[in-house]
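You will see two complexes here that share subunit A, one where it goes with subunit B and one where it goes with subunit C.
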Partner chain A sequence: MFAYYLRLGFRSLRRNPVLTALMVITLGIGIAASMSTLTVLVIMSGNPIPDKSAQLLVPLLDNNPKDFAADAKLPEQMSYVDATNLLAQHHAKRQTAVYGFTPYVESGRKDIPPFQSDGIAPTHDFFAMFKVPFLHGGPWGAEADANKSDVAVISTKLSEKLFGKTNPVGRRLRFNDRDYQITGVIGDWAPLPRYYRLIAGNPTYGDIEDVMIPFSTAVGQEFGNQGSTDCSSDSGNGWQAFLRSECVWIQYWAEIDSPSARQAYGDYIAAYIGEQKKLGRFPRAVNYKLYDVMEWLDHQGVIGKDSRLQTWLALGFLLVCLVNTIGLLLAKFTARAGEVGVRRALGAPKGEIFRQFLIEAGVVGVAGGMLGLLLSFGGLWLIARQSRSMEAVAHMSMSMLLATIALAIACSVLAGLLPTWRACQIRPAVQLKSQ
Partner chain B sequence: MEIRPIFSAMLRSKTGAILIAAQVALTLGILCNALYIVNDRLQLANRPSGVVEDDVFMLSLSPFRKVADVKGMQLEDEAALRRIPGVKSVTWTNQVPLGRSSSNTGFATRRDQSPDSTIVATTYTGPGSFVDTLGLKLVEGRDLNASDVIDVGPDTADSIPRTAIITEALAKKLYPDAKSALGKQMFYSTGESAKVSTIVGVVERLQTPAAQAAPENEGKGEFSVIYPIRELDQYTQYLVRTEPGQRARVIADAEKALSTRMDGRVLLPTFTMNELREKRYRADHALAGMLISVVVLLLLVTASGIVGMASLWVNQRRKQIGVRRALGARRFDILRYFLTENLMVTTGGIVGGIALALGLNQLLVSTLELQRLPLGYLGFGMLALWALGLLAVLGPAWRAARVPPAVATRSV
Partner chain C sequence: MLKMTLLSNVYRTEMIETHALRGFDIHVREGEFVAVTGPSGSGKTTFLNIAGLLEEFTDGEFLLDGVNVRGLNDNQRSRLRNEKIGFVFQGFNLIPDLNLFDNVDVPLRYRGFNAAERKRRIENALQQVGLASRMKHYPAELSGGQQQRVAIARALAGDPKLLLADEPTGNLDSQMARGVLELIEEINARGTTIIMVTHDPELAARAQRNVHIVDGQVTDLLAEPVLRAAEHAAERAALNPVQAG
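Then we have the complex of A and B:
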């Protein structure tokens, strides 16, 4: 009977074309609106490094001046003094300080004039901590950090721009009037979002910096910070004074052996602050906070309020579409009371009627779902046009594709339940009498 | 009137009416809040920056080799720009309005103030006139001039000038009780070593590079200070004001003029003030566009639902309509019946919708820090839905009115 009901369902699509088209379009639009916004939200709120997000910690230390209010917020980044002290103590399994700088690259080629690029300065641990894949070569070693060596890791994009498809490892990259030896080219790496370096909560999706050099080298070359710098007191004059100041401008990450080692790492940070107090720093009560990757993304407000608003709105819209479909299906089924009366009089039990009409509703749902899927791609295309970051985020994944189809069928069955139940209530005698 | 019979007829087929009312309620709830957000965002994006945006652009250059004589380079750049016909005014600047990258400091009115009671404002620094270059309106005092300007290099000890211009908004915030901020002392952060400047001028308005949203920041978007400083920075950034209508040509000429003297520097993309504004508010415009399209779709969907349901009712009642017509009812009476019925259903939905709109707004206020919904939106939403309902039902009602009285005599 299922196949027969299915055939009936398809045939009935044609019976009342305007009403049916309205239902299919309504469902399609509702599903498209909710699925395209939901896709963006899911990808935005996803875990960029699922297998060790709880082991990567950002410590924030309260180095505010004494006279700040008791509930003043912790500085969002770290001072140079603390970053270098913690790096030197090497307490965690791996650690890195990260800050951004601007390289101006000279290609030495006539066809490529000097251009501005973007860069970060981490330690060699960075690449293992964030599981950076390499296309050629690899990261620099610990000795490069210690010796402030002129070495660099570059992105595939920059490598192809300067060296074409050839392997550039061992060759020289010239920027900011100095040569750096290339040790590796980063492969296919598009963190969503670029969580290892968030500037003022503004996430970038799918893009990484083109040049990476050792932290110690960048500081040695006095490369200014490209990002936010916050000073609670005077930063003094000159680079050395800035390094000694309590200005925060470095993002610091530590990798612990397992999530359970977090407490111990916190104790270590507290002990460090205690030590520094003896040297006259940290004038306030010992105060620090640890964030793992997901907590950090949440704390930085990475998922925009606008994205959340859009998703809520789209779900509300889907609800209206659903109510509308219920109404239209009801209209369609009620018009066929005579048909139900005849079938019931000929001996069909209520269950059969129920099955027939539910399958018919399902057919409408599948049609609406297909349309919804098509429109979802359209919606994502529109969202992707907003910005480069959105372009990286607005992609239909396999799971979201399946979810869309499931949502479509669920919606249509849900919409079909009430009208179907009403159709079952039809009393055959009344219908036959009025024929 | 015939409200009673319509009402009792409706009670006999409640489901359809309830569904339509529910849909109207949801639509009203979403409509009011969405339109409110749209209006809010568009207002945000249309706030004046205080700059004559149509005539101003920014141009920046970055060195990849250390420039030995930074001051000479800046002076020559400025001279080269000023030589271009159609250029009205030029200044080096550390930041640009709506440019989003800014340098901010806590300002104090007393040296012994606590650091976290200072007012955070952004500082524009440059040797030229911001008043002339950006077309700011000077409401009090005087503009800064060449004798105010100090040179500040990486190793200069005294980095804050004696004079400054501030915006009206900042003046009111710093000196709420004073009639005028002219001549007042303003401290660059606090404590023994805090440097002090005297305010010599007040401009009506100059937005900060971030142009913070208004309500939660209490005017912070206009807390700006202008210092007469020539920063001897390797990075160079110029603001240029042109004669009206000549900007596009001047930009081309300026890029050409600077590219001939660019040894060791990279010319970065040039932006007009209009482009900076567009970039600053792109997300707001995108959200507003999305909300408007959802609202339009929502209204279409709801209208289609009303059409569908009304058509059903008309079809079900063809015989009764025929009987009424045969008993002397005019076409107008039939039309009025369906319009009244629709009005009743829509009104029921609107009552629910008002509650929903307020509830939804409460949710937005608590989770997204939105402001409370002004009641005007509710009124507008109600009118819109009444009109929508009547328009949607007009077609089916018209068909009902055309049912001939003879239908009453047929047995189908």
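Then we have the complex of A and C:
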């Protein structure tokens, strides 16, 4: 009977084209408005590394001066002293310090003049921690970190720009007046958001950095920090003084064995602060915080209040569209009272009438969903025009595409419930006589 | 085939109670052709609706082909209606969006026949009413008489034991009406029980038995087939001189 009712449903769409068009357009607009904003919200609020997001921790240490207010916020990053101490102690399963720098790349080719790129300096653990895939080669090893080696991992985009489709592993990349040997080319990796380096002023969405070199190498080359640097006290004169200062400019990540090891890692951080206090640092009471990936995204306010508000507004608009669709379906089904009477007289139980009309409403939903999908792409295109960040998130995934169709059907079935129920209550005897 | 004993049906509103049927007794045997007459508002349609399981009744007993219909739920009533009863209405009641084939197909779908069986029955039914060649046509493309023939084919396709006809020729001219009535008589001759509500005394006269309803009661039920149409017509005129239908 499902196929039969489906056929009747499609036939019914043609019966009253104006009413059908009204319902499909109403539903389509509601679906498009909600799905385009929902798509952005889902991508913004999605877990970028679901299988280990609870094991990747950002420790924040309170190295604020003593005279800061008791409820002063913890520094969002770490000082060089603490980052290198924690790296050296290697307490977690993996750990990395990360900071950004600006490479001025010299291609050595006449057709590509020197250009400014963007880079980060992590440790070799970074690639395993964040499950970075490689198109060619791989990350540098631990010895490269220890020896401050001139090695680099580059993005596919930079690789193709400089070397075309060839494998550049082993070749030299020259930037900031120095040659670096390429150990790997990052493959298809576009975390949304770029959670591994979420700090104020850094773009949340967009392409990954083009160049990655060892943290120790970048510090050794005195590459300045491209990003937020916060100094609560004098940073001194010169690079070495800066490294010894309490300025915070490094993002630190630790990977623990399992979520249950979080408390133990926290105890370790507390003990570390205690040790440092004995050396005259950390003048305030021992204070630290750990954030896992999702907590960190929340703490950083990745999902803006505007996005949430837009989504609620869009869902409210969908509700208005639904109410309109209910009204139109009521009109459509009421006009079919005679047919209901005939079908009932010919042996259709109420349940069959219910199924027939609900499937018919579902057909309207599919048509509305298709239109909604087209309009959603249009809506996402408009959203993407707003900014480069929005361009990165305004893409409909396959799951959201399927969700759009499912939402459309669910909405139309929901909208069809009342009219269908009303149709089932029709007294066939009355309709048959009045025909 | 159909037996109603002391049946009553009362419509209640907050203000008034209307007895559509009261102490209604009737027994229609298998294979009979019964004409039901009576003035407007006498309860003919209520009787037909109850007989067709389209309406509940308030009190009494109703056996349809030996099945006590009191207490049956909607699914059971619908099943019984689909299997045992065929309807022919004054207004034909074809579904305008469906062609003749699909119109006749409707009751068979609810019976659960497979496609081949449905096709066989539809073609056979349309053959019987002389419209086999027009099965892809739509109701609007047919004359009133042809539409009523399709309605009869639809009623016949399920092989019902009882055919309920409500003013089946009421919307037809005399020539078409004659053709439809002959078809109904043929169906009856093949053993199908017919109960036909009509205002037309000539039509009623063609039935084997006349049942007259006044004020929700059977006033004249003869056990043997007797033609009483003229008498009924005179009685109806006396009761309701401006009766319309």
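The working rule: the second predicted complex is superposed on the first by the 374 of 435 C-alpha atoms of A that agree within 3 Å, B and C clash if a C-alpha of one lies under 4 Å from a C-alpha of the other, contacts with A are read in each partner's own complex, and residues count from 1 in each chain.
Rule of thumb we're sticking to: a residue touches a chain if its C-beta (ideal position, glycine included) is under 8 Å from a C-beta of that chain, and two chains touch if they have at least 3 such contacts.
Everything numeric in this text was worked out from a predicted model, so none of it was measured.
When the shared chain is aligned, subunit B comes close enough to touch A:L418, but subunit C does not. By the touch criterion defined above, A:I326 lies against subunit B but remains apart from subunit C after alignment on the C-alpha atoms of chain A. Legend: residue contacts after superposition of the two complexes on their common chain; A:M1 is shown touching subunit C, with no touch to subunit B. Looking at the shared chain after the overlay, A:Q55 reaches neither subunit B nor subunit C.
By the touch criterion defined above, A:S159 reaches neither subunit B nor subunit C.
In the superposition on chain A, A:A314 contacts subunit B only, with no contact to subunit C.
Subunit A has more of its residues touched by B than by the other of subunit B and subunit C. When the two complexes are superposed on chain A, none of the residues of subunit A touches both subunit B and subunit C.
Taken in their complex, subunit A has these residues touching subunit B: 19, 22, 26, 29-30, 33, 65, 67-69, 72, 102, 104-106, 113-116, 175-177, 232-234, 237-239, 304-306, 308-310, 313-314, 316-317, 319-321, 323-324, 326-328, 330-331, 334-335, 386-387, 418, 422. Every residue of subunit A that touches subunit C in the complex is listed here, in rising order: 1, 4, 11-12, 15, 338-339, 341-352, 427-429, 432-433, 435.
Subunit C makes touch with subunit A in their complex at residues 45, 49, 52, 54-55, 74-75, 78-79, 81-83, 87, 89, 91-95, 97, 106-107, 109-111, 154, 158, 166. For subunit B in complex with subunit A, the residues that touch the partner chain are 15-16, 19-20, 22-23, 26-27, 29-30, 34, 37, 62-66, 114-116, 154-157, 159, 189, 193, 266, 268, 282-283, 286-287, 290-291, 294, 297-298, 301-302, 304-305, 307-309, 311-312, 315-316, 360, 364, 367-369.
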